[in-house]
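Below are the structure tokens for one structure; questions will follow.
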Amino acid sequence: MSPVYDDHPHDECGVIGIFAPKEDVARMAFFGLYALQHRGQEAAGIAVADGQSMSMYKNVGLVAQVFRPSTLDDLNGNFAIGHTRYSTTGSSSARNAQPFMIETIHGPLALAHNGNLINSAVLREELLAHGVGMSSSSDSEVMTMMLARNGGGTWVERIRHAMERWLGAYSLMVLTRDCVYAVRDPWGVRPLSVGVLPSGGSAAASETGALRTLGCVAIREVKPGEIVTLSDNAWVVTQAIQPAQPLARCVFEMIYFSRPDAVWDGKSVHQVRQNLGRELAHEYPAEADVIIPVPDSSIPAAIGYAAESGIPYNDGFIKNRYVGRTFIEPTDSLRKRGVALKFNVINENVLNKRVVMIDDSIVRGNTTGPLIKLLKDAGADEVHVRITCPPITSPCFMGVDMGKQDDLIAHQRTVEEIRKYVNANSLSYLSLGGMMKAVGSADGYCQACFTGKYPLPVDLETVKTGFEKGIR
Amino acid sequence: MSPVYDDHPHDECGVIGIFAPKEDVARMAFFGLYALQHRGQEAAGIAVADGQSMSMYKNVGLVAQVFRPSTLDDLNGNFAIGHTRYSTTGSSSARNAQPFMIETIHGPLALAHNGNLINSAVLREELLAHGVGMSSSSDSEVMTMMLARNGGGTWVERIRHAMERWLGAYSLMVLTRDCVYAVRDPWGVRPLSVGVLPSGGSAAASETGALRTLGCVAIREVKPGEIVTLSDNAWVVTQAIQPAQPLARCVFEMIYFSRPDAVWDGKSVHQVRQNLGRELAHEYPAEADVIIPVPDSSIPAAIGYAAESGIPYNDGFIKNRYVGRTFIEPTDSLRKRGVALKFNVINENVLNKRVVMIDDSIVRGNTTGPLIKLLKDAGADEVHVRITCPPITSPCFMGVDMGKQDDLIAHQRTVEEIRKYVNANSLSYLSLGGMMKAVGSADGYCQACFTGKYPLPVDLETVKTGFEKGIR
Amino acid sequence: MSPVYDDHPHDECGVIGIFAPKEDVARMAFFGLYALQHRGQEAAGIAVADGQSMSMYKNVGLVAQVFRPSTLDDLNGNFAIGHTRYSTTGSSSARNAQPFMIETIHGPLALAHNGNLINSAVLREELLAHGVGMSSSSDSEVMTMMLARNGGGTWVERIRHAMERWLGAYSLMVLTRDCVYAVRDPWGVRPLSVGVLPSGGSAAASETGALRTLGCVAIREVKPGEIVTLSDNAWVVTQAIQPAQPLARCVFEMIYFSRPDAVWDGKSVHQVRQNLGRELAHEYPAEADVIIPVPDSSIPAAIGYAAESGIPYNDGFIKNRYVGRTFIEPTDSLRKRGVALKFNVINENVLNKRVVMIDDSIVRGNTTGPLIKLLKDAGADEVHVRITCPPITSPCFMGVDMGKQDDLIAHQRTVEEIRKYVNANSLSYLSLGGMMKAVGSADGYCQACFTGKYPLPVDLETVKTGFEKGIR
Amino acid sequence: MSPVYDDHPHDECGVIGIFAPKEDVARMAFFGLYALQHRGQEAAGIAVADGQSMSMYKNVGLVAQVFRPSTLDDLNGNFAIGHTRYSTTGSSSARNAQPFMIETIHGPLALAHNGNLINSAVLREELLAHGVGMSSSSDSEVMTMMLARNGGGTWVERIRHAMERWLGAYSLMVLTRDCVYAVRDPWGVRPLSVGVLPSGGSAAASETGALRTLGCVAIREVKPGEIVTLSDNAWVVTQAIQPAQPLARCVFEMIYFSRPDAVWDGKSVHQVRQNLGRELAHEYPAEADVIIPVPDSSIPAAIGYAAESGIPYNDGFIKNRYVGRTFIEPTDSLRKRGVALKFNVINENVLNKRVVMIDDSIVRGNTTGPLIKLLKDAGADEVHVRITCPPITSPCFMGVDMGKQDDLIAHQRTVEEIRKYVNANSLSYLSLGGMMKAVGSADGYCQACFTGKYPLPVDLETVKTGFEKGIR
């Protein structure tokens, strides 16, 4: 479906790493990636090591499309890392698929990365100047080649040296011939957790849901600045560099990216989203007859808003579960009804009612209006829109694709202008304070997309220029 | 995913038919099928006529996989029919994909069928005895060849003659070189509706949601026994044979098959499902702290149960939205956790709580137990299961694949035995009367899967034997 | 490659049939089709019966592309027929692929056909009028449906009844649940032979080369009008209808279609082609330094011409062995050199020489000129063209695609005009008498493409009209 | 087809490079690769530069399978290089496909390589030790990364520096953002030629036939040790390092690899092969009735042998032109006739005759015997085998895959033992002197596969060990 039907930012990856002394580790990695599919639908890959050699398979497509039984059968070993990728451009998808795997003086090395280095362009120039040839425009290859270049006696030391140079977000899985390393940047931007496998060994993944799918217990976060070594019977934790003060966890993981069964920073994402709805009900109550979510991401918040307000919760939209990638363009008359191809209204649930429509965010602002129109066409008397975060006014440079600043509707218009533009009876965004109250932390979170205050002291112009060149 | 992760009956098709004098009818049919994808994910096809000739494309796969822009560009005309198919066996999928298209003495003819003839084996033998060669085992080919054989001056007459011989369920789209006919059996087993297109012309489809996706207005059912002719500016209705007394609408369309935005028999499916939940709360209340649905089909009923009982509604399970067809078998240790690959629990929402789990039906009974275990492992104190229909004890011969009678857990065990088997604290099925009260009709619905009383006076043994031979 | 690079008529099929009581008959059919690949590269299929049921697989592509080990593993039995197909249009290829398989009142039936019925349109109308629906425009489906309709106690009788109605060319393999029938039209237009398999059973095929590839011994022709039954230990021959007087064997099989290792009418095709060259040398000698063939089909004739004339034989052209189907159009500058993409000259072998270029036929006349230019550009002093058959002036209606009459250069121009058009120093066609002398028969061969005298007493206009409608 | 049906060594690549200021260079590269398809059928790729940026497409498959019109449309520019690859293992084919393309400090760089470095393992270790990560086991990536590392002001200088380190065979195309460089090793092992394009610009290719397909004139060899720069209107020749004394041209290019229309070292390959046949007739005459080649490679030599001996030339075998890659294994009874699946005999041409069978080489010796058996089964009285080169006793380390030494039948057996093994009436190999006389040079050719005397002064054990590890 063309982007017009979806107005969410895009996260760029899910990663997984597994050490399983007694199991078919490729198959476990497959099911782990399966549970991380929502973090990237463009490409998937798994690299496996058996103590001596390393093998890999990656391709464009959904996890279930990329892997066949025969593909997995060729990936033998007890150590694995995997990656699912979101990508903006079709042509480069194959080349930028991960893991990246190379041979180094220290043996084979593979890497799967979620995040974004903001000094990637600088580091890349350094590598090129040292005579290294680069085969992609990805910051992940920069990271891989830096690890290959680094001296030092152990992989942990080499990774630590690289971490000292890396600025930005990285939740990283590193595979060597006999070890998996789970590495997280000192700002803690992207989530990463580790758990114990019931059959022995351990696993790390972007979200706890993937670990629980594998049956993991004793799940904990990989803390900012840590390298967690998965091998032997127990994992080993190294505080490679000190955590940033304050941390800069991505608050959008709470609002939208993570699957609601994730637990992050000790908090249930589903419960945080319920809280967001409750705070919203508190800050911006509405005289209404029914609370409806924009499915699926806003369901928990709508449940929370309904519980707090005492107004009944109900389904208002039905989402076509099978809307996938299609290259078929609608006819002109259908184009006008673009959103209807993805959502239908349940007329009886909104007819002659005052509706509160809960949505998690507005980025470009091109779906809110059509959704409201669908509701009004179905007979809703009033539509009050409530958004579970503040207006998004600044782009992200740490792994989230929100487009350029000029694409952001809240950068271009006031809330009242947006309300008119989408033809809502009322429109309210949760306040920054309300959002953080719902999250349960006063600080430690990056709020740059709402405030423009970036947590890393870098030259923003350089980063922007690099972005425009496609270097990230 | 292997069937172990899903315990629903399977419906066998969605159909659509369009006459659009000014539009690209193939593209409209594509988006109509898109909205009927939930009725069949194995194969899809579209046939188009331009007043003179007819062209068709069909293949195995999801609608969005089967059709490319170039494919649709080859399908020119103002008349179209389309089909999405559920199929049990991979090998025959390509050959049994629909529409069926043939050349007849009366010109080209194509047919798309949802339902099942119970006298298909007999009709097939008659055709063979008349020297007709048959290329598939499908009752839809039987119907096509009967239409080709029939004399009579008009297609409406030929269709009527055939209807007199057809016993069973058929919601049928017939395409000729300059007309689309929407045909429904006199029992009204499967749904079929027709509406006016905003840009001129009209459309018919299995569900009203597909018609509304296309922007249709003035939507009405194709009534049992009717032939609705789509051509020229208005549609023409012919009551080809008298409706059965009583009708035998499939009540399972209300309970599970139809998308909740469908309106059928004048009733909103979403509201019927809410009513089912309310009736269930009335018949089988529970002392509990939270009401959770098994997503997605049970969500409306859970909302209804919560509203009626006053117990809060919340999400308990997160469903992996990307669970698609995979040929990867889980490892042994993952196999034990099969359901977890599809569902994860939101621990915090059930921890230390008494949970009411709402599900629409239990067929084989192999997912209820694992779901309860997931909840209890997550800390639920009690799990009370409430099912929105009576126990299913008899198979369907009118287009729904529930397996054989011995596969049905409620045929083999009492409710108490099932409760023990799935390890629920309590288990209750909605009564037949309660179900019909929720539906809002005392009769006119087929309830054979609950009662074993089939609405058609046929020799059941013959039908069963034919089924075993794969003739349907 | 676009047709401009090849100026040969196209044959439309190869067929094979096998009964092998102790062998994997699908795999044998595969290798048999492999040896018949030159008779059709568009689609391939195999149907297999095991005494009870029948299974089939067919698809677009070369034999080696269509079949995978798993595909063959699904085709179990001791009886098989197979087909390779040449097709003019991409869109219909999948639907017209053979075998055709249907269920009839007499059990399952499959058919693989090489040839063309000239009364196909009439027979098709009869079937339609009897209420049979037809799913393709192929005469092979007409034949299949006629067999399904026919009464009579045995398949041999039913086939005989049909043969009485069929006018035209058919070398036919018929598969029932426990028998293979090899059937040949009474005119003997297309070749068909049968042989004994070394491991028991027997096989029939379009060409003897395929039978020898399978190791067959005791190879004989299926004679015109015969039905040969392959089952049990020996084959059974039925003279179903009397052979035509005279026969009308396609002389072009000798000149071009058949692979040179074929033996037909008791004659080695390679030796006949050598004879054609010898006759040509006798009728049209040339003062020259070297004899070169247009590879591959003209090699035997060039060997014969060289032997008869005493002028040395040598290679003049190298053919790109890997020229396959490509959708890439050449650039403008390459387009002018179209033939060079398929053929390169060996300069040293023609430089400063008087060259005799032997070719088997000229159809449209669009490659001869470019080939001569290649030779002259390479330094040939003179190019004398010798063609191993008379000028082609009339199209074929019995299974060979030569295009329409207006496409035939010899219909439009005299030999001298053609010579000037292609810029040859001399151009000579073998005489009809010389050709038949080389073949070794005074009559019994269809020469209609050279003479316009068709061997069948039919209304030519009807046939032509049917052809234009695509009914064949 | 499994290797048993072919007993030739395998060459590993064809390369092409084009500068065309006014043309669609990707399309020209496509047709150039098309003409080099015989040098490698496993993978193909094209990289294009437009003065600024570079794009590339490569994949597993034949040239015509790899490229679609849309693929070529994405490759815009005036500079191109291309590659066709032969590869031993399926799993690594995708990763080892060429060109290799990287970004360097000097801008984008792509490389297409035919040949083999014998010191690849050493150079690779050096790169790894410098901290470069390597993503394949190919010597071509080693060459690419060395070019990326090299300092020096110009690409010609950087290439020259690398050439000083490279030991072995390389006919290399280097693409930068605004130039193509054709580079050849100082031993001249693999062929490489350059020519002027009729529409402006110039092209280089492994064989002259590809250049002539593109219409090139003024074709000359890229001489050993030269770098030829293709850009602007004229090419620029740099003698980067001095040619070796003596040269080590691969004589097997003359005997088998090159297409017969190639001209190399000023000699027509077709004429050299005729000479080989003539020398063979002189050294080893035979009392015989017919001379037949093993098609296709031995045809010119058989023509020469026939001309010299006065014994008639004729076809004896017909080769299945469509034998391509199939995964279908023959049945047991067919397996015994393996060769017959590829070759059929024309019985009439050998029946009751004394046959001389000309073949270019015997490597493993597993097809000669079956071919002789086919001839004798067809009635040949005697079969005298004549081979156009001496016995092959040593493997090649410079780009030809002949297997290991123990695989070579002439390393294991005497000529008489081989004759008995293949059941020939006589068997003779052309002498080394006779071969060189036919080639027309006393020295300047590598004959190591016949003599074991390798032209490069390297530690053979190191090379062998590297080969066993797959480093090449």
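Lettered A, B, C and D in written order, each chain numbered from 1.
In this section, a residue touches a chain if its C-beta (ideal position, glycine included) is under 8 Å from a C-beta of that chain, and two chains touch if they have at least 3 such contacts.
Values in this document were obtained by computation on a predicted structure and should not be read as measured data.
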Greatest centre-to-centre gap (Cα means) from subunit A is with chain C
Dist(centroid_CA(subunit B), centroid_CA(subunit D)) in Å evaluates to 60
Subunit A to subunit D, mean C-alpha position gap in Å, rounds to 49
Within subunit C, the set of residues that touch 2 or more other chains is none
Touching pairs of chains in this structure are A-B, A-D, B-C, C-D
So, in the complex, the side of subunit D touching subunit C is made of residues 23-24, 27-28, 30-31, 34-35, 37-38, 41, 62-64, 67-69, 72, 198-199, 209, 212-215, 259-261, 263, 268, 270-271, 274, 296, 299-300, 303, 307, 312-315, 318, 320-331, 333-334, 337, 340-341, 344-349
Residue positions on subunit D within touch of subunit A in the complex are 74, 91, 101-105, 109, 125, 128-135, 137, 144-145, 147-151
